[in-house]
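The following pair of complexes shares a single chain, subunit A, combined with subunit B in the former and subunit C in the latter.
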Partner chain A sequence: MEQYVTLTMDGARARVPRGTSVLDAAMEYGICIPHLCHIPYLSDMGACRLCIVEHIENGRAKVTTSCTLRVQEGMVIRTNTEKIRKLRRNIAELLVAEAPNSRAVQDIAVRCGVKEVRYPFRNNDCVLCGRCVRVCTEMWGARAIGFVGRGKERHVDFPFGVRPDFCKQCSSCVDLCPMTITPCDGPMKPGEERLCGKCESQLQVTEQIPDTCVWCDLGMGFNCARQA
Partner chain B sequence: MSDQSMAAILEGRTSQPQQLIEALHDVQQLSGYIPQEAMTTLSQELGVPLIEVYRVASFYKAFSLTPRGRHVMTVCMGTACHVRGAARVAEQASAQLGVEPGGTTSDGQFTLECVNCLGACALGPVVVLDGVYHDQVTPRKLGRMIESVRRAESEDRLHV
Partner chain C sequence: MSRLAAAEDLEGLRASLAAERERVGTTIVVCGGPGCQAAGCRAVIEALEEELDKEGLAESVAVRVTGCHGFCEQGPVMVIEPGNVFYCRVKPEDVGEIISSTIRDGEVIERLLYTDPASGERVRTESEIPFYRLQERTLLALNRQIDSSSMTDYIAVGGYSALAKVLRDCDPEAVIREITASGLRGRGGGGFPTGRKWASCRAAPGDERYVICNADEGDPGAYMDRSILEGNPHLVLEGMLIGAWAIGAAQGYIYVRNEYPLAVEHARRAVEQAREVGLLGDNVLGSGLCFDVEVARGGGAFVCGESTALMASLEGKVGEPRPKDVHTVEEGLWNKPTALNNVETWANVPLIMQNGAAWFAGKGTKGSKGTKIFALTGRVKNTGLVEVAMGTSLREIVFDIGGGGSDGAAIKAVQTGGPSGGCLPVEKFDLPVDFDTLSEAGSMVGSGGMVVMDERTCMVDVARYFLAFLQDESCGKCVPCRVGIDRMLEIVTDITEGRGRVEQLDLLEELGETVRETSLCALGKTAPNPVLSTLRYFREEYMAHIVEGRCPAGVCKALVEYVIDEERCTGCGACLRACPREAIRGESKQPHTIDAERCVRCGICLSECKYEAIVVK
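Showing the complex of A and B:
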């Protein structure tokens, strides 16, 4: 028989099976926690840091990623406080600065209420979310790609940079990569970074309802777990 | 790297993935770098996926993936050394050896490296040549250090 635990999320009591992550529990209960690296059928590695929540323990609030946090009996979680929203917005801004040409990243930024990006644009083609590495390793057991290098040099690569013959060419890595979804109006030119009118209008929803799931259109861009 | 030395490194380690780092250290020490074939062999023999071997080898500074020179010269570019003229020392090294920092001379004699602080700031500018620390290095002093290594090597060659 499945064991259930009771926890409090944003003041509401929730009952979910033991072993669930806080992120999954919140999604189940219609609370919106923006997330990028989480894919429901893969393990979580807490790479993007977007899904941060406040975990209240002994009267102290600890900020931690909800995708890697397992539910516990009597846990108290706050998912959308002013502080969390501010931190999350900042993380989203950094993601946009890293990869301004990804619709998925733009959608997340919009959902997090980013209106301007205070960091220089770097136009990297990868935000190191590790989706590709995990799908290759966990779904297919191929282990044809992985993280290579450290610090600034860390990137995703084949062994020795050459596609090995044990790569199954399934292209799951490409399918899951948030970088493969281009902005509505196509790739942006430097100096002309802006959102299309439709995305822009979503910003209002974000402002009015930041914490509950509204089945937003944005979710499709970044594979929101609710839409999957 | 010969098959024998590889076999010696693998001795008692087959199918023990936890031995990966130890084995990589041995390869590094023996060859001065980690050749691709060595990584492939380690992957097969220890039972570690190839990408994992590559990931680990590329992660640690202790492992080099490209052949290194017979002599390794490390110039400190940390703040303390910098204000005392490390930039000029590094320039001298690059010019005299004909390689950029991180590079190895074509004859495989020198590898030039630049690092950010070696933890001996009071002695700056610091240069480490083959594990020996040299303090208050000036471009001239560095020039003499390189010359003496070159001279020692060419004398060795005469005696062989």
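Showing the complex of A and C:
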């Protein structure tokens, strides 16, 4: 079987190894797709839905997450259409309203084009991106933490709420948590449904020069889709 | 019973069973479906058996307890064969008379017959009742002929003959061609062409394959699958056997929710019975087909009706959906090719193989073939299960078969497709019910729930109810579904409680669109339907809540006020005594008043008042 496949992303042809996800392929080719729950060395669960793209299949555009979509020969992907940008902005708005104090989530929201938040803030300390659960399970095979509950009750916890012996307190989970990355000057109070001045001022900067970002290790120099 | 080694053995058994059935003169058929159970059919059955024993008729008169007949409104229902006399709302006290007059003397008891509301006449048989007459019952009609716990009954009326025919005459490809030609589409909600699903599953690389029957029916008010699995489990098994032959599976699963104890019991018994005679196991009917079925119980999560979540649950994992970028027909259960179909879809398979694809394709519309069972509930006169050809209009289903509004109130809308479906207004009732038309109108066929609503139903409150249901049942894995539904619920609750703002309607639409487009599984993708469809067809009700601060249907508690009409109030004090909040004051024999501050609008006074003096404003 051919080890490489060729696909078209935003009109550009890309040749990547078979089995790569569309998200990885895009990042490789300098097309930056915003993402939160994706970590290169862990499996993808498609939880945050920020990395959505349009997959053109039989003439129909299907919205799907690029982290879970594997490349196929002849695939056509659009990562930055108006529709995708709008959907992404709406998802980021939902996320930032859940966790207005997280600098990382704010950063993503701003870069997805969120300028105002139309929902009352809730100061949750977790956005259930599942980074911690996956690193504990997949990296260390420890399964010391997992998701508990369903829907609104869903949260990350130890089995039966007690820290088990096999949690070695390695803090991998903490390291990957978007909520622990430098909290902003906040906290924003309920009723102040807008992003703080600091993030807005940063928006000005990112619109001119692509800045380094919390979630993208590509650094500067790429024409980052997140500014749109 | 001895093992059936070949198709001839099955035919031989059928002939002897049919002859035995002929010999029994009179059979009293009692519906044991969920509706009639609720109406007390168990007591009727016990009384019947006792009475027959007492009268010494236990040998000559058979009692057959069957699955659902459909006319749940009139339950418990009873049919006496031969003659097919139909009795409804039978009580244990009636049993003595039924046996003494109808069974012994052949006299019909007038008061137990159904009264046609249009003509006011009493009718003797099912076929004269408009509710039954206007339906096209192929799947449900079988229920009446079969004792739901007996395999012999099923075989006697022709069961497993489709399987024998398939194993004798058709290679797997031919079965798939036949199913494809019939135009059968998945009855569970998605409406995916079954033939195409089977073909891709067969073509997928892999050494092991699975078939799964999805009986995790969870829509509020829907019980089609339950009725089939409880009433005729062997029909489903036969469908799965044919499917297994077609795609090359050796193992099947019936995933049935544990809240359906009778369905679990009947499915398990059916599997055991089929194993006993060799219809499941190695070398079925000497054909070389090796196939077995296991019954797995679901733990009660609505989301486990979604195919990937169901498979995760079957594997013993948390029942959460996964992205379907790779389809389950390629990587399903244990990452093997898997064909998952709904109960009703499987049940249609033997009928198609028996009667031919053309027979099935002859019914229905261009894109949707065959018949579909709907659970007709809500504010409609004849609640129950209705089986009609695809393409029948909503008007026929709700007004002709359903008999119109339950107590004369004007019907306003029908909600189709369960919590993920939409509400269609009465102006849209001429739409033919099929997969494509309903989707275009902003609703869906779904699994077949139909909740009828009249002018006393608040559409904003309906949207709120379904959102609350889905928020509760969302697995919480992805952001749009977990947070998006919750936010929509927040906005709609604001509206029902009088805190709504007009600009929130646009936000609601935009958010609904986002949730629909970006959610991980079908639960999230369809969750905004109740909101979006009510916004589309009943925007004026939303506006009345927001702008005028008024609930037109008088449902939303924060927007209504209970007052006493002084003209009508006799001062009897019934409401005063019943009020849990002590909000009603007044002297005896004098008109009473309600203290709006204390009143919590529970509605108890409304139901207590005999003089209709309590008015909801």
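Quick note on the criterion: the second predicted complex is superposed on the first by the 183 of 228 C-alpha atoms of A that agree within 3 Å, B and C clash if a C-alpha of one lies under 4 Å from a C-alpha of the other, contacts with A are read in each partner's own complex, and residues count from 1 in each chain.
As a convention for this text, a contact is a pair of C-beta atoms (placed from the backbone, for glycine too) under 8 Å apart; a residue touches a chain by one contact, two chains touch by 3 or more.
What you see is a predicted model, and the numbers here were worked out from it, not measured in a lab.
J.: Touching A:49 in the superposition: subunit B (first), subunit C (second), both, neither?
T.: second
J.: Quick one: name whichever of subunit B and subunit C touches more residues of subunit A.
T.: Comparing subunit B with subunit C, the partner touching more subunit A residues is C.
J.: Which of the two partners, first being subunit B and second being subunit C, lies in contact with A:81: first, second, both, or neither?
T.: Touch partners of A:81: none, neither subunit B nor subunit C.
J.: A:128 contacts which: subunit B (first), subunit C (second), both, neither?
T.: second
J.: Based on the superposed arrangement, let me know which partner A:150 touches: subunit B (first), subunit C (second), both, or neither?
T.: A:150 sits against subunit B and subunit C alike.
J.: Which parts of subunit A are in contact with subunit B and also with subunit C?
T.: 147, 149-150
J.: Could you pull out which subunit C residues touch subunit A in their complex?
T.: Going through subunit C, the ones touching subunit A are 301, 303, 318, 322-323, 325-326, 471-480, 482-484, 486-487, 490, 507, 510-511, 514, 517-520.
J.: Would you mind writing out the residues of subunit A in touch with subunit C in their complex?
T.: Of all residues in subunit A, those touching subunit C are 45-49, 52, 63-65, 68-70, 86-87, 90-91, 94-95, 97-98, 118-120, 127-128, 147, 149-154.
J.: Sort out for me which residues of subunit B touch subunit A in the complex.
T.: Residues in contact with subunit A: 36, 39, 49-55, 58-59.
J.: Can you list the residues on subunit A that touch subunit B in the complex?
T.: Per the stated touch rule, the residues are 143-150, 157-160, 164.
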